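Below, subunit A partners subunit B and then partners subunit C, in two separate complexes.
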Partner chain A sequence: MSLDQVLTVIVNGLTTGSIYALIGLGLTLIFGLLDIVNFAHGQLLLLATYSTFALYTATGSYWLAVACVAVAATAIGAGLDVVLFARARAAPITGLLISVGLIAIVENVLHEVWGPTPRDIPPPVSGVIEFGFVRLPATRLFVMVATIVILIAIALFLKRTKAGVALRAAGESPEAASLMGVSVERIRHLAFAVGTLLAALAGALIAMILPVEPVLGDSLLVVGFIALIVGGAGSPLGAVVGGLLIGVIESIGISLWSGTAAQVLTFGLLIVVFYFRPTGIVSTAQGSRL
Partner chain B sequence: MKRLAVHFSSPIVAWLTFALAVAAFCTFGDSLAVYVAALILAWALWGTSLNIIWGYAGALSLAQMGFAAIGAFSVAVLCKDEQINFWLAVLVGMVLAVALSVVVGYVTLNLRGFAFAVMTLITSLLIVVLLTSWEPAGRTTGMVVAASPGEIIIGSWSLDLGSDQGLVILLAVANTVTLVLCGWLERTRAGRFVVALREDEPLAASLGVHPLKYRVLAFMLSAAVASLAGSLYALTLKFITPSLFSFHASVTLIACVVLGGLGYRFGPLVGAAVYIGLTQWLHVGGDYSDALSGALLIVIVLFAQMGILGLLKQGIDKLTGKQPAHRHDESPTDELETQTGAMTHD
Partner chain C sequence: MKRTGPVVPTVVVAAMCSALLGACGDSDLAGASGEGGVKLCASVEQTGGAASLGGWFEQGLEVATQEINSGDGLIVDGKKVPFELAVADNESNPETGLAVQKRFEQAGCKFIFAPALATLTGPILQSTRNTDNTLMLTIASSAVPHLGTDKGANLFMPKLDFPYALPTVVEAAADKYAPKTAAVVMAQDASGEAQQTAIVKALEDRGIKVVYDDFFDPTTRDFAPYIDKIKRTDPDMVFAGYVDSMVSPILKAAVEAGFTQPVFVGTSGVSSKAFADNPGILNGVVALSGRAVDVTDDPDVQAYRDAFAEKYGSAPTESGSSWGVLYYESIRMLAKAMEIAGTTDDLTAISKAMTTDEAGDYEGRTIDMTFDAKHHAFHSSQVGFVNAGQISEYVLIEPKTRSSE
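Right, the complex of A and B next:
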């Protein structure tokens, strides 16, 4: 492989990886605050993808469609937590079972409404951009830039706003946070809402680089899990690093061998990390939450 | 009342009900009823494998789909040209599944809660991924199961075990053997150790019970049962694809086990009868049957965590004035995780 090919493979990997990072980050926020691994994350993401597609074709404006989906996803996330997951606080395993039930519901609805054929969303940008050796489709550049903007926004939210600080505090110690006057229950609703919003944004972006079908949710969920665990469960930065790493490894696997080999490689990465560094690549102060 | 309750909860009554139901289905049922009965029994056996690792050992495993896929495809691939005996293929599947469970178990069973669930899920998905890209297993299109389990001949009467009636009998026997084995294991040292670890790991470990060793043992048994269930499930369906063993299977599996009563020996059987019976026979929802079963799972989890047998036992305890067994934590939402399900007195 020549140098520009290697660079192309890595850049491609970073693009898919940035979407994986968003998925992992959403899962991490929910997991860190609620101790619930939301198994329906991938399906909620696809719901956002299909809704963006439908709204885009209906209104003709990509940005309007994304804005509507983002608002709806935030509301749905908060709603799911208030109605369902809030009942499962004492036993996280109940939350897991609820999310397993949600998978069946959302996937069935997607299948019935939009059918099993893979789809692409017509992207708002087109063309090819060249950086020295690397030829990059504009869609991929768009995905990367969008992800960076989203990640900066989330980082500012977590570090600079009162709600963000309260959210991190509640994740670290719910008791201490609640003694400091934080309404932990509300913060949990917020975390679920933000997590679902991130899934929805990832969903709106993913259709630009991958054809989307209802069964895609499972594999995206697994990638999100791997990002969550590899990064050191509970660490937002870890989830982002984990997501990017998986993207690059997958891209290398696909270019050298095949899609199956790429999946086996990612699972292998998880097992290696688990074995040698059970707390993840980026360990949080309190250690792994898993 | 008390005597009635005692009899009602005794295993003999449960076994008699089971035998009568199987006999009734085989004698009076039309072909659809017999097929549904076979499906119920296959899911019950599959559910029992989950009950062993989740109900008894307290670790929610999502690898059961993967183990069953191994059993199913062992039979389908090895018996394709009828060169290898069906039962030998079943055995090969079980050995493979058990070997895998040892490897996965030693790496992951130290992990608690989600990490174990996620790792086992990944194991399952990996198996499915490998099967979909494996030529002899028909890739994504799937393959016909052309295996024959043989026939029973007594004098002039004979029964082909591959027919639907024969399958119901075969599955009923497999369920019986597994449940009797479970009942026996509940009373052995190893079985008590496994339950003790679920209840209070530090305490059990301080008394010299090796946590990893006994959990891996439970996982091995559950893998063997899951593989057997997969082989017989494949025989019932007669056509299998790798996607049968995807995440959806686990939704149904978990629903069966929780609905029947997690940790109860007969729980998966009762749960499968109600859940599979409901979704198969009534064909509720038509196109939206998946969504309905998902909603059903959520309702069960939120409002009937103890399952049918748990509610039944609670009712009997109330009638006979018996106090419920002492628990460390009385929080009702902790039920699923800590529920002992009174497994030791079914």
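Right, the complex of A and C next:
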């Protein structure tokens, strides 16, 4: 392969991996703090993707659509935790069942409203960007850059803001955080809200590169979970590393061999990590969930 | 004390609501009483990866049923017998397809339209002990091995089989664009593999070099790596995917990568919408199994257009609606066969009548479908040539017969 082909493969992998990283990070925040495996995460992403499409159709502005979806998703995430998941804190299996119920509701509602036909959003950036002899799709570069910005923002939020520090403290030890004056229950609502926001942003970015259709959420959710496990359950950095790694491995697998080989490599990675490093590639401090 | 009580009812209510919503799309099998009427049961891909395809089939079924029931209808023994259509969603999923088939059989359905996807119909046909009690119609390629066997005594395939349909598409596309090289990438499932085999053979028979030949997981939606790989082989023509949910993201990835010069060919599950959504693709071909019913100047399709408008309020506008024509004519032929046989119960007599020339002898035929002795359908079809997202012309392709018949 020539250099431009290698770079294209890597950019494709990092683009897909960026989406996986966002999904994995959202799942990690929710799992790390709430002990909830949110199977409805894919459907929340799908809801955001359709909402982005609907708002874009209504306003003609992709950016306005994304901003509105981000605000709405944050509110919906907080609302879901307050109304549903908060009542199942003592029984995580109940939270899991709730998320399964949400899958059925969101999927059926979306199908009733939108039907099965794939929908398309013209990306706000298009064309091919040339770096010397290397030509890369502008849309995919944008998705990568946008993801980096989002991840930096989340990292700054977790490390530099009071709410973010409180979130990490509650993840490490809810009892100690409570004794320090942190309202753990409110922080949990915040964690769900931020997790849902990340799903929504992933959905809005996906709408730029893939057609919007009802089956979109399922396969992305599976990879998001793999990213979470490979990276290290409860580790935000781990989810990002896991997502990017899976994206690149998939891209390399398809380019060098076939789609089947890419799947084998992805699940092979999962098995290898389980065997040699069960806590994930990025270990968190002992006892820490975030 | 742990308070989990209120949550459980919430979950139960949520699941019940979702089940109710999901059932809203299905016609109620119990509602089709069959009393005095002929019950037609259809397993349709209303949701899942092939939902766009399923929607077009359902159109054909509903249009035909309404037309027959509102007009002179099916007359047997001097009495008008209505058709009662019951549609169930197989979710484009093999397990659900089997469950739907079981429900149909338990409800006593004698006339069943099986799923369109080979991955669904294959297991159904393998698990059915015999077809003596049902007359089954399906366009799925997995029916082919059963046609002409004891098991296929009452099994019909109202669509040109891939080895007959796809070479004509390849020839029409090659006549128009004279490619020297081609790439083929299909979903790794029964339908995809059958199409890949037929397309590659047709290309090689035509002397076109296949420079890329691969499969993808049917759930794949990000095709950038595949497009990158195909681009490296520099093909003149690309055959990729067989339904809109596959082809649309493939075309989108191609436009993103600036790979718009080759001719992209959509086989018969693909509609012009996939190309209309990606006008950056310079040239394309869509293969229609039926007839283009979204055109206004073809007198052969006027009857279907009128019946469609009667049912839905306006004439069809999507090229994919051509699929509906196959099932539309199937039901009309079935009604005619019942009249010829003088029965709605004797499946052997009805099956025999379906293979006669008289079964197609009625007004307003949209396509010239006939069934041979083994219940293979032969009919003309069309390809549409697409330029920058719009269909610029349709070409009619005459049916070929089997050399062994």
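Details
One rule holds in what follows: the second predicted complex is superposed on the first by the 279 of 290 C-alpha atoms of A that agree within 3 Å, B and C clash if a C-alpha of one lies under 4 Å from a C-alpha of the other, contacts with A are read in each partner's own complex, and residues count from 1 in each chain.
Convention: a contact is a pair of C-beta atoms (placed from the backbone, for glycine too) under 8 Å apart; a residue touches a chain by one contact, two chains touch by 3 or more.
Note that the structure is a prediction, hence the values are computed from the model and not measured.
When the two complexes are overlaid on subunit A, subunit B and subunit C occupy overlapping space and clash.
By the document's definition of touching, both partners, subunit B and subunit C, reach A:A91. Of the two partner chains placed by superposition, only subunit B is touched by A:V264; subunit C is not.
Number of subunit A residues touched is higher for C, counting subunit B against subunit C. Of the two partner chains, subunit C is the only one that A:T8 touches; subunit B does not reach it.
In the overlay built on the shared chain, the residue A:Y275 is in contact with subunit B alone; subunit C does not reach it.
In the superposition on chain A, A:I105 makes contact with both subunit B and subunit C. After overlaying the two complexes on the shared chain, residue contacts for A:S173 are found with neither subunit B nor subunit C.
When the shared chain is aligned, subunit C comes close enough to touch A:P116, but subunit B does not. In the overlay built on the shared chain, the residue A:D218 is in contact with subunit B and with subunit C. Once the two complexes are overlaid on the shared chain, A:V37 sits against subunit B while remaining clear of subunit C.
With chain A used to align the two structures, subunit B clashes with subunit C at 1-9, while the other stretches in 1-9, 343-351 or 361-369 stay clear. On subunit A, the surface touched by subunit B in one complex and the surface touched by subunit C in the other have residues 84, 87-88, 90-91, 94, 97-98, 101-102, 104-105, 107-109, 111-112, 215, 218-219, 258, 260, 263 in common.
Contact residues on subunit A toward subunit C in their complex (touch as defined above): 5, 8-9, 12-13, 15-16, 84, 87-88, 90-91, 94, 97-98, 101-102, 104-105, 107-109, 111-112, 115-118, 120, 123, 126-128, 135, 137, 139-140, 209-211, 213-216, 218-219, 250-251, 254-255, 258-260, 262-263.
Interface of subunit B with subunit A (complex): residues 60, 107-108, 111-115, 117-119, 121-122, 125-126, 129-130, 132-133, 243, 246-248, 250-251, 254, 258, 287-291, 293-298, 301-302, 305, 331, 333-337. Residues of subunit C that touch subunit A in their complex: 2-4, 6-8, 10-11, 14-15, 17-19, 21-22, 24-25, 46-49, 51-52, 54-55, 188, 214-217, 219-222, 224-226, 228-229, 232, 244-245, 248-249, 252-253, 256-258, 273, 277-278. Those residues of subunit A whose C-beta lies close enough to touch subunit B in the complex are 31, 37, 84, 87-94, 96-98, 100-105, 107-109, 111-112, 215, 218-219, 222, 225-226, 229, 233, 258, 260, 263-264, 267, 270-271, 274-275, 290.
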